[in-house]
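Consider the two complexes below, in which chain A is the common component and chain B and chain C are the respective partners.
Now for the complex of A and B:
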């Protein structure tokens, strides 16, 4: 994959993201994997925060777009078994960190392109978290290998997303939809779905990943994936200027708060947890579409994490972070560090115990 | 006999890290086994940047990457 391919992919995603905000999505939220999974958790009655409930077709599209292109390119490959429960826990705490900051790494990039300086603080925390993860990767961190699985195991998440879309268009009355707040702001259903499908396919082909970009620079001095990251910022910036949605500064930013310490720590948790998972929340959705059962479990962890965040008042709002949220982020940082230590330094013992060829 | 690095079942960046570590022994030839396209591309890109030419053969369930010092 060439650098310019990644840059082009990032540019297309930047344009689509700005268009989605013009067509009704909340500010700087053409895409936000964390916010949208949180909205889906709300639509499914998993939490009852009235302002953030909607079955976001972008998420459905991302998974199905990756699924369809993976089938077409013969890259659909059901696999799993690489420490699934640990991945569930990591997904859970990545969501806790993202909802402290109010955005996944992709939305952080879009916020940068919208002139939101709080996202600069988030970015510094994000890089710090990735740095911590890279330290453990260099020491030999591994969640162990995956194994080939049945087609059903790899197809569940795409199937579930088809079911979600069927509920949205055919039986919307069983879901809950916000009547005010970010959950009530959305582009038309079919446009959102199409946007998700296109971006899902692009992300599958290019392996675009917000965490991978910075990680590869730190690990290998490889700037390829980062080109996509930078292209999204540049194009979103131009797009926001043209659309009249560019707002430079800290205060008054859409769906954001100005508490620097917690913006930093929230994204530290997201960066650290995501490196251990092998990719950002967007990448987990794309891998789920490719049949990766471990990523599917991570996505379920994020969905449930989002529900917990609102049921236990861990998520921030425009007014700032909550006391519960701060405690949860600290717990998350501790848990992720323990996971990193255990899967880095316990490996030699495990290797000696496990035969190279699995015994039937 | 080339050193064989079995990175099957590993997701990125692990195959690249395993290759990077192996390359520290500075041999003229290595074989890396991976089972997904992402790992194939990433290991290939890394090996090229480290001054190796990469030949790929596709086998039943894996890619065999042959790295030769160029």
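Now for the complex of A and C:
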């Protein structure tokens, strides 16, 4: 995969993200996997924060876009069985970190392109978290091998997303919709779905990943994936300037707060947890579309994590982080570190016990 | 013959590269080429005149032959083989 392919992919995603904000999505939130999964959790009655409830078609589109292109390219390969419950826990705490910062890595990049300097602080924390994860990767971290699974196992998350879309268009009365706040700001349903489908397909073809870009630079000095990351920032920046949505500085940024320490630590948790999962929240959605049951479980962990974040007041708001949220992020950093240590240590022990067996 | 081996973990790739270096087999650790996989892990590219089966360990997912710029599967451990 060439660097310019990734750059082009990033550019298209940047344009679509800015267009979605022009068409109604909240500021710097053309896409945010964390915020949108949180909105979906709200729409499904999993939490009752009235301002963040909406069945976001972008998420549905991302999964189904990746699913359809993977089928077309014969890359739909159901697999799983690599420490699913641990992945659930990691997904949960990645969401806790993201809702401390108020955005997944993709939204962090879009916030950078919108001139939000709080995202620079988040980025530094994100890189620190990825660095911690890479340290354990090099020491032997592994969530153990994955196995081929049945088609049903791989198809569940796409099927569930089709059901979500059916609820949204045919039976909206069973869902909850915000009447004010970020949850009430959204582009038209079919445009959001189309945007998700296109970006999902692009991300599947290019393996675009916010975490992978920085990880590959740290591991191999390979800048390919990072080109997509940079292109999104540059194009979102230009797009926001054209659309008159560029706002430079720390204060008054849309759906953001200015507490640097917790922006940093929130994204450290996201970066650390995501490296252990093998990809950012966007990437987990794309892999789910390709039939990866482990990623599907991570997505469910994030969805439930989002519900917890609002039910227990862990999520930040424009006013800043909450006391509960700070405690949860610290717990998250401890849990993720323990997981990293355990799966690094166990691996070596298993190696010592079972000699390598060649297979014919 | 040139080969590319993919793994279940990054550490598996590192160990494999270390093992090859001990056996004086030239190798390079790098991201998995896109045409081989939609997953984004680490792989080891190496060349050897001997067979590759003896090199397979429990972290190896697949080994591909690289001939005239195209890949073909030499070893596949993705199916349940226990």
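Here, the second predicted complex is superposed on the first by the 350 of 360 C-alpha atoms of A that agree within 3 Å, B and C clash if a C-alpha of one lies under 4 Å from a C-alpha of the other, contacts with A are read in each partner's own complex, and residues count from 1 in each chain.
Basically, a contact is a pair of C-beta atoms (placed from the backbone, for glycine too) under 8 Å apart; a residue touches a chain by one contact, two chains touch by 3 or more.
Note that this is a predicted model, so its numbers are computed, not measured.
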Partner chain in contact with A:220 - chain B first, chain C second, else both or neither: both
Chain B versus chain C as contact partner of A:345, first or second or both or neither: neither
Partner chain in contact with A:4 - chain B first, chain C second, else both or neither: neither
Contacts of A:204 with chain B and chain C, given as first, second, both or neither: second
First (chain B), second (chain C), both or neither touched by A:146: both
Residue contacts with chain A in the superposition, chain B compared against chain C: C
Touching partner for A:190 - first (chain B), second (chain C), both, neither: neither
Interface residues of chain A shared between complexes with chain B and chain C: 1, 75, 77, 79, 82, 137-138, 142, 145-148, 207, 212, 216, 219-220, 222, 224, 278
Residue ranges of chain A touching chain B (in the complex, touch as defined): 1, 75, 77, 79, 82, 137-138, 142, 145-148, 207, 212, 215-216, 219-220, 222, 224, 278, 292
Chain A - residues contacting chain C, complex: 1, 70, 75, 77, 79, 82, 137-148, 204, 206-207, 209, 212, 216, 219-220, 222, 224-225, 278-279, 283, 287, 290, 347, 354, 356-360
Chain A contact footprint on chain B (complex, rising order): 8-14, 16-17, 20, 36-38, 41, 45-46, 49, 61
Chain C - residues contacting chain A, complex: 8-12, 14, 29-31, 33-34, 38-42, 53-59, 61, 75, 77-81
